[in-house]
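Just below is one structure, and these are the notes that go with it.
Should a chain be cited, it is by its letter among A, B, C and D, assigned in written order, with residues numbered from 1 in that chain.
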Amino acid sequence: MSRIDWSHFASPFSWRYGSEAMRRIWSEEHKRCLWRRIWVSLAEVQSQVGLVSQEQVEELRAHQSDVDLERSAAIEAEIHHDLMAEIKTYAEQCPGASGVIHLGATSMDIEDNADLLRLRASLGLIRDVLVDLLELLAGHIEAEAETLVMGYTHIQPAQPTTLGYRLCQYAQDALIDLQELDHLRDTIRGKGFKGAVGTSASYQRLLAGTGLLPREMEAQVMERLGLPAVPVSTQTYPRKYDYLTLNVLAGIAQTLHKFALDLRILQSPAWGELREPFGKQQVGSSAMPFKRNPIIAEGLCSLARYVAALPGVAWGNAALSVLERTLDDSANRRAMLPEAFLATDEILHRARRILADMQINRAAMARNLAAYAPFAATEMLLMELIARGADRQEMHEVIREHSMTAWRAVESSADNPLMDLLASDPRVEHYLTPARTRQIMEGGISVGDAPDRCREFLSTLRLTLRSTRTGDQDK
Amino acid sequence: MSRIDWSHFASPFSWRYGSEAMRRIWSEEHKRCLWRRIWVSLAEVQSQVGLVSQEQVEELRAHQSDVDLERSAAIEAEIHHDLMAEIKTYAEQCPGASGVIHLGATSMDIEDNADLLRLRASLGLIRDVLVDLLELLAGHIEAEAETLVMGYTHIQPAQPTTLGYRLCQYAQDALIDLQELDHLRDTIRGKGFKGAVGTSASYQRLLAGTGLLPREMEAQVMERLGLPAVPVSTQTYPRKYDYLTLNVLAGIAQTLHKFALDLRILQSPAWGELREPFGKQQVGSSAMPFKRNPIIAEGLCSLARYVAALPGVAWGNAALSVLERTLDDSANRRAMLPEAFLATDEILHRARRILADMQINRAAMARNLAAYAPFAATEMLLMELIARGADRQEMHEVIREHSMTAWRAVESSADNPLMDLLASDPRVEHYLTPARTRQIMEGGISVGDAPDRCREFLSTLRLTLRSTRTGDQDK
Amino acid sequence: MSRIDWSHFASPFSWRYGSEAMRRIWSEEHKRCLWRRIWVSLAEVQSQVGLVSQEQVEELRAHQSDVDLERSAAIEAEIHHDLMAEIKTYAEQCPGASGVIHLGATSMDIEDNADLLRLRASLGLIRDVLVDLLELLAGHIEAEAETLVMGYTHIQPAQPTTLGYRLCQYAQDALIDLQELDHLRDTIRGKGFKGAVGTSASYQRLLAGTGLLPREMEAQVMERLGLPAVPVSTQTYPRKYDYLTLNVLAGIAQTLHKFALDLRILQSPAWGELREPFGKQQVGSSAMPFKRNPIIAEGLCSLARYVAALPGVAWGNAALSVLERTLDDSANRRAMLPEAFLATDEILHRARRILADMQINRAAMARNLAAYAPFAATEMLLMELIARGADRQEMHEVIREHSMTAWRAVESSADNPLMDLLASDPRVEHYLTPARTRQIMEGGISVGDAPDRCREFLSTLRLTLRSTRTGDQDK
Amino acid sequence: MSRIDWSHFASPFSWRYGSEAMRRIWSEEHKRCLWRRIWVSLAEVQSQVGLVSQEQVEELRAHQSDVDLERSAAIEAEIHHDLMAEIKTYAEQCPGASGVIHLGATSMDIEDNADLLRLRASLGLIRDVLVDLLELLAGHIEAEAETLVMGYTHIQPAQPTTLGYRLCQYAQDALIDLQELDHLRDTIRGKGFKGAVGTSASYQRLLAGTGLLPREMEAQVMERLGLPAVPVSTQTYPRKYDYLTLNVLAGIAQTLHKFALDLRILQSPAWGELREPFGKQQVGSSAMPFKRNPIIAEGLCSLARYVAALPGVAWGNAALSVLERTLDDSANRRAMLPEAFLATDEILHRARRILADMQINRAAMARNLAAYAPFAATEMLLMELIARGADRQEMHEVIREHSMTAWRAVESSADNPLMDLLASDPRVEHYLTPARTRQIMEGGISVGDAPDRCREFLSTLRLTLRSTRTGDQDK
């Protein structure tokens, strides 16, 4: 971490949260590489109508990667304009082409297209981890489609379900997130090359007599950049795109917040059913060596809460911009965009780390099920007793009585005696043998069609993943 | 307004904001009509396997619309459960079918499907106004594609554009909103019939031996409701759907907030270019009868700010729900969902009202253009002078000097003398005749390809509207 | 509930959430009563300098409460201005004083002072319940200062604490809320009477020659209203006051959200330590009669989430208002202010209801303590062993080994055998007799000075409540 | 800027926004200095009862500032715990005292007190700039108390006011912010030394037999730190403090957002009344050298919007923490706290920069006043005419007619002819000579008691600033 200056504030997103790859995308260096790539593409197209010579294009290409931030900073200190400083730095490196860099362009023609390229690359990274996550979930769903666990509503035992089916819910949410992300990638477009107020007036003047229309020039440069352009624009691309992007990231954060919150509760020894991975060398507190604090999941929730606050900023940028553009978006976008991506990136990596090595405590699941499921099973018994002619009111009271007794036993950590109590009650025996009562109640611990739904969902999920994996290559 | 009780708080969304149609969708009465419709559909399908008789189905159908809120409220006062109270009320009306209402169902099987039906109907209303709005915008864009206006960045004059092109930006944002709305309608699905924890256990028991699987029953009922079901669920449909819905509404609010904010500034006499409609009988203040406060637009912005706060609530509902469901969503959804729809509805109606009768002050546009556009035109002149061999530095200084003089004139409300000053400056005359200088500068007041882009965008817009109008019939 | 129109949207805050008293404060009727009260006070002061006659004042006073919403609505339908319609209605009732109502005033002189009166009255209601709540908490803290319970960090057992001490945390937060509320009441002020742009120009003209200055008139009217005026203003009182108010409400919601979330977890049978009250007649589900869903607490959390979203709206109203006033605050304030108060009111009433009859399960507390506290006690044993010359590393390993065994036992619901295992381990016996080991470990289950801190905090709390109760009478 | 690693994401708050002093407070280095300061204070107090020797205290003091982040990072890489790594690093530097660092303490006893010290120091920095700002405002208010400007409501001309009076509104809001900040500093307290769950159990054991109670030890250490402790706590100080802090920062951001938004509009040439400072060397665009983009103010608004989003994160941290502490606050606090302070710091510095050299265009003010104020003056004329027996309806119509004519003139940039038109209208001349009409109307351009209110407010403001400046020395 020697690269960090610890004597001043260093954002946790500069070193602690998020992946190396994401941090590089949002570096000053990479941004300037993209600017230069755009200038080269612009020059290439302009060279076809003679505005730029082939030699100039080659000179620009030769220095495309020679970002020199020291020099650029020195110039910026004088002229207070980062993009202009970069042009001058580039121009110094390419004396022959110095007059043709940025020809006809407005700063935002370069910056906004570069931002869109960064957004798309970042979405690509996010997508990859999201797909990994879905594949890990798919594996667990397959393995646990029939694993009985107690289901909870109101954080109170309700009816049994399966672990696989519970995991399906997260996967379903994450799959919606993936579809939203893909829909977003189909929606967002670069600004293109439209100048100061979006009318392409400067390009029209520049290209006058060349036979090339501004829109044709734009289309050709954007094709080189692999980025479609928005049909009309102000000085910038529609800031609504930032809002849509933040919504997708906050949506992912939402899905994984729920997953992590469930895990944090299930990891409590009161439940003890699931645990996030725990390093071999890692020690719990010395006094409580068994203690397992779900710190991966807790940090995930913390960052998710952060991401959730940011779409509001993007909303304001889009809603409050005046006429052809005001600059009240710029400063906050420098923090909001990278931090939202880096936080979501960290959230996804944490969720993947949890799912890759999640510890499943089957004994605890069985214990909880044994304690609470018999109560749910009385519904089936009641139906059977009524079918055999018993009085609903009377039987309901019998069940209520024994349930209260059984509940007190469970509360004091004893085994759940409910099945025995009911099987041996004479009022029940009048209609059913004890063996039959037991049989019915065991049958009553039902997870319905949860395993089947798991398998159906799984096949849809895998189909989607397979097709998007393939489809992705085009993007 | 005699229907409102003015002695207690009455939400402005109950009477002041939003359309009659939207207010009806979110009434208690309509909700219960939907519940009954769902119970009827459920009984119809269950009757096919003999669980419900044909007579019972017919009895239920006969009373489907007989919602009796007075009776229901009386029962609810005793049992504290609104859905159960409705069942009992319905059962009293259908004594023969009283035992088969809600067979195998959990409350949320009814409530959540009804909520999705309300969401979809509300989205349909929103969509209709949004399409109207786009058509009104299309009309203006067509008419004003070539209407020159001054363009502004930083709320400072920049370069000319056209009114039609400016309107394209709002239309482009609104078109994205429309596509988001349609994408949302393709995404959201009802809960279906999956019982207390989503496993369909109760339906499996009920249907045992009938040959009908729970998923088949679900599919058939949902088909009758015209609503696809989510493949897997907890006790509720994924609360992520609410979040996605709120995001779409806040996106619409965002687009129209920008439009209304621009209008509020342009309506200021300092600009005076556009005005929201103003009733014939309406009076400005008596002291300032000409005064036109943009109150339709101001109220629009106010409500947009409100809508923008609500996705955060929906985010929390989805992210903080624990395991198979907690009830921390219910209370806020009773306010958040209807109010978000009613506020967005009002926003759209206000925007439509403005666009339907927007007053365009062409004299003011011309005045502003005459004042500021000549400055922008000096760029063209400079290019021409350099092309003819003039020294860039010197010419730049000439232009700067005269610009400052011209600016002072403009500031004191005089005509912009810049063209005259430059045409008659000997240093310029050295290269260009006064007539040529004027010609170049007039040519320099260029809106680039804005009119062409208007027309291209317009044809895409109209194509999309035409196809969605048609496509809509399937939904 | 016959007063509600169920065929249209009725906000849950109109009938379901919040107290009757709060709903009345935010009614249209009460607002107009306040308007009239302000007009009367204004006339009273103006009568002292002869602008209004004594008879006119008396006529106005006589009809001060005769709000006639039907008539007023009819007039508003024509002139589209609610305050002007109220003036005309009042004038019809007071023909002799019709010319002197609202003399020199701007609408916002009336509306904004009335709004501040509503805010203050609402804060008074909120304060009363908050104080009740603190007194209920004080009672519990006193009773439970020494009641041992397991403490949890990371939702994992940590070290013992006392129930009273845990409750101190909520009380401390609520006490901060109370102090914030009182600070707010000292901060906010009415607009006073300053006219259209805050300069009192119209009053200056009106009072010219009377010897009464506008500021003196303002001070006298405000004194009659029991409301100090802000020294300077635009057309409205500073919208920052709304923001501060919403922050206080959201702060209360925050405190009680944490309380309710803790309760929802502690009420889960896995813990089972606390329960919200449950009506005698209330039934859990028929299948699980023992089941206790914490629905009061869940609804509380739901509404708290809603309240938390609203300060953002108030922030925007204050930050985005332009120059002497724009109307982008008005529409959302009609919903935001009453709903924030009604929701907070409901939250407080729910918390009070819970605390008034909270069920404490001492057996469950003992069970959880027996299961987890011995682990925490090993810290004390280790210190003692080292003090007696044992090797830290070796003893740590001994403790770790037995802890893991004990943990497995606890997980399978057996009693915690840790004390026995350690007391009888020869490596421990080398330093300590089994009896001494037991004694140390029992001593190790320590709650430190929690009981003392409870008592100290309690005395501060009670002192504060006593003094504020008294102080309150002045407000 | 060589200290920044440009190849990875560097937060704009690490280099671009905020002051050097604020960036140092939030550095890793400073945090560790604070940790060491707390360890030293703890050892000093513990040495008084013999738990730590005088030599050990001196050794610790000697190395208090020797933070060695390289070594510490190496250790952290092994043990994954930053505070423990710092203890080990410190211990290596102080071999004699290695066993007595952090005696009895929990990590959060150190970290949370250090965080409170950082919060308070940051609030101190913020306060200083806020006071500077208020003094700059005071200077302008004094100078411009009588400077007439047109006042605007709905962004439409309304009635005249004075520049000083307009500035009073910002000052009044900022003064409330200052009072909120001071109230906050009186409210927030450190965690103190209360161990893992707030019960001080570990200190009680440690201090057993020394005669020093944990609360006494706590009080003595906290006194050395100059920080009072909260009476009761969980593992952390109440997270409500973070929420209150963020609210104060967002409140400052709100005040200055309104100021900057007003400025951005007034700086538009359409108004042209005020301008933010503009560097001598700075060039507007070459084509429009007179153009002045209000970029300081625009960036201010951008950051204010960012700050406004963060209280929601702090709300969640406080409301969602479970029982004695969950770790879902930690990760987001690492970004939220420093970034909120750095952004607010930047906002304040920008506002100070603007106010220190704000350009006031008196000609533009006069021009706008001449154009719009006569309309406002007709109110006075009407009153006079009626007083002289004219018919209100007729005179109103006369004024309306001429106002419309005058308005059209103003719209086409001509002088406002209203006074002439009215003075020479025979229907007016019937009651008033032209000279008298003119006199009345000129008198009608009234700013009421705005200048007096300016002066009164100013004296309150200065009194407050003087007293807080003094009071501040105690903090």
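In this section, a contact is a pair of C-beta atoms (placed from the backbone, for glycine too) under 8 Å apart; a residue touches a chain by one contact, two chains touch by 3 or more.
Note that the coordinates shown come from a computational prediction; the quantities given were computed from them, not determined experimentally.
Set side by side, the interfaces B-D and B-C show unequal numbers of C-beta pairs in contact, with more at B-C. In a homomeric contact, the two copies may use the same or different surfaces; for chain A and chain D, over half of the interface residue numbers are shared, pointing to the same surface. One simple way to say how far apart two chains are is to compare their mean CA positions; for chain A and chain B this gives 26 Å. Between the Cα centres of chain B and chain C there is a gap of 34 Å.
Averaged C-alpha coordinates give centres for chain B and chain D that are 34 Å from one another. Contact with two or more other chains is made by residues 152-155, 158, 264-265, 293, 295, 298, 308-309, 312, 316, 320, 326-327, 379 of chain D.
Chain B meets chain C in the complex at residues 1-14, 16-18, 20, 22-24, 26-30, 69-70, 73, 80, 264, 279, 282, 293, 295, 298-299, 301-303, 305-306, 308-310, 312-313, 316-317, 320, 326-336, 338-339, 342. Contact residues on chain C toward chain A in their complex (touch as defined above): 152-158, 264-265, 267-272, 286-295, 298, 312, 320, 361, 363-364, 367, 372, 375-376, 378-379, 382, 396, 399-400, 403-404, 407, 410-413.
Only residues 151-155, 158-162, 165-166, 168-169, 172-173, 176, 179-180, 183, 187, 195-205, 213-215, 230-235, 238, 240, 243-244, 247, 250-251, 253-255, 257-258, 261-262, 265, 304, 308-309, 311-312, 315-316, 318-327, 379-380, 383, 446-450, 452-454, 456-457, 460 of chain D touch chain C when the two sit together in their complex.
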